[in-house]
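Below: the structure, in structure tokens.
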Amino acid sequence: MAKISARNILPGTVKEVKKGATTAHVLIDVNGSVVTASITNEAVDELGLKPGAPVKAIIKSSDVLVAVD
Amino acid sequence: MAKISARNILPGTVKEVKKGATTAHVLIDVNGSVVTASITNEAVDELGLKPGAPVKAIIKSSDVLVAVD
Amino acid sequence: MAKISARNILPGTVKEVKKGATTAHVLIDVNGSVVTASITNEAVDELGLKPGAPVKAIIKSSDVLVAVD
Amino acid sequence: MAKISARNILPGTVKEVKKGATTAHVLIDVNGSVVTASITNEAVDELGLKPGAPVKAIIKSSDVLVAVD
Amino acid sequence: MAKISARNILPGTVKEVKKGATTAHVLIDVNGSVVTASITNEAVDELGLKPGAPVKAIIKSSDVLVAVD
Amino acid sequence: MAKISARNILPGTVKEVKKGATTAHVLIDVNGSVVTASITNEAVDELGLKPGAPVKAIIKSSDVLVAVD
């Protein structure tokens, strides 16, 4: 895939992978902030995700909420 | 709300607000990267979103995809 | 957070918390109806969710489907 | 469809339909609270949604966030 | 439910059900392609999902991303 | 991107693009079925989407609901 419609593509590095029974949580370091992705264990295996791996966190704009203090 | 279950809370500043007929796109500067949120026009008005406003982009971990090159 | 862009904020009370390996299901009593939220175990701990706790179920309008009989 | 996997099925009545260029906002009265659904104009037409129509608001549990004060 | 607002309703057959601690993955054969749904274990039980069962995979259009090579 | 965590990647051909004020609906022919994606106008332009273009519809498994008759 050369291009994807999602407006938010954040490059980062895998910090930690916590596998559950079916669902894994992948913590990604994005410029010093941690972004958590909840994906299938199967995807973790297929993408070979492990600490240190360079990845992109991808988020559709309709999935972003905005809050003000 | 003091705390929210979403694992991803990115502080930033509104860069641009593009209102459509019912849906607005809010561009948020997060550490120099632009995060786009697609929210209702009504929410834009209620939160008083305009360029320069400090906000938080909030994303549930189940809405984050991971890609590798 | 004083205000959030999500259009649906339903106040209720935690009825039950079922923790899994990574993902928890939180059952919330909203006016006598049960609303289920699937969130991370980590969020359950951080928010201190347990039966009887007053909470808000928050849903983005783009995540609501409509059906007719 | 006799049954759907979504854990949250809230019966209500359409209160207002605001059509945009492609996306409509449907306000649904659920036990006195208003739930907003952002759906396609096409779906509004196909379901014949108009004020007073009995409907169900359907929400997947993975799309529900939880907040505490 | 006679009609639902989701624009994508794909008829298929359950191929495999993998239950986790709280979340199950249901693999659905849709015209020879496999579509995976991540739903609650509770929904699997309530719908009686097992290999061979005829089902529909339902996806809201705002949850579909588009990519080009 | 060589690989993405989303479990559902459906190859197809753009059938129609309906642009709204901010949000576009892209109809994709996937093996004779039509899949609708609701994405930003900006993404339509950036990806150069127009009838006949080969694309992939990408859906995260946590966004798939299952229904039975």
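Chains: A, B, C, D, E and F, in written order; residue numbering restarts at 1 for each.
Keep this in mind: a contact is a pair of C-beta atoms (placed from the backbone, for glycine too) under 8 Å apart; a residue touches a chain by one contact, two chains touch by 3 or more.
Because the structure is predicted, anything quoted here is derived from the model rather than measured.
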{"item": "Chain whose average C-alpha position is farthest from chain D's own", "value": "A"}
{"item": "Chain pair equivalent in interface to B-F, over half of contacts matched, among A-F, E-F or B-D", "value": "B-D"}
{"item": "Same or different contact residues where chain E meets its copy chain A, judged by the half mark", "value": "different"}
{"item": "Farthest chain (mean CA position) relative to chain E", "value": "B"}
{"item": "Interchain centroid distance [CA atoms averaged], chain A/chain C, Å", "value": "22"}
{"item": "Computed distance of Cα centres, chain D from chain C, in Å", "value": "17"}
{"item": "CA centroid of chain B to CA centroid of chain C, Å", "value": "21"}
{"item": "For chain E, residues that touch 2 or more chains besides their own", "value": "1, 3-7, 20-23, 25, 36-40, 42-43, 47, 56, 58, 60-63, 65-69"}
{"item": "Complex interface listing, chain F residues touching chain A", "value": "1-7, 37-40, 42-44, 46-47, 56, 58, 60-62"}
{"item": "Complex contact set, residues of chain C against chain D", "value": "1, 4, 6-10, 25-26, 28, 31, 33, 35-39, 43, 47-49, 53-69"}
{"item": "Touch list for chain B against partner chain F, complex", "value": "18-21, 23-25, 36, 38, 62-63, 65-69"}
{"item": "In the complex, chain F residues that touch chain B", "value": "1-6, 20-23, 40, 42, 60, 62"}
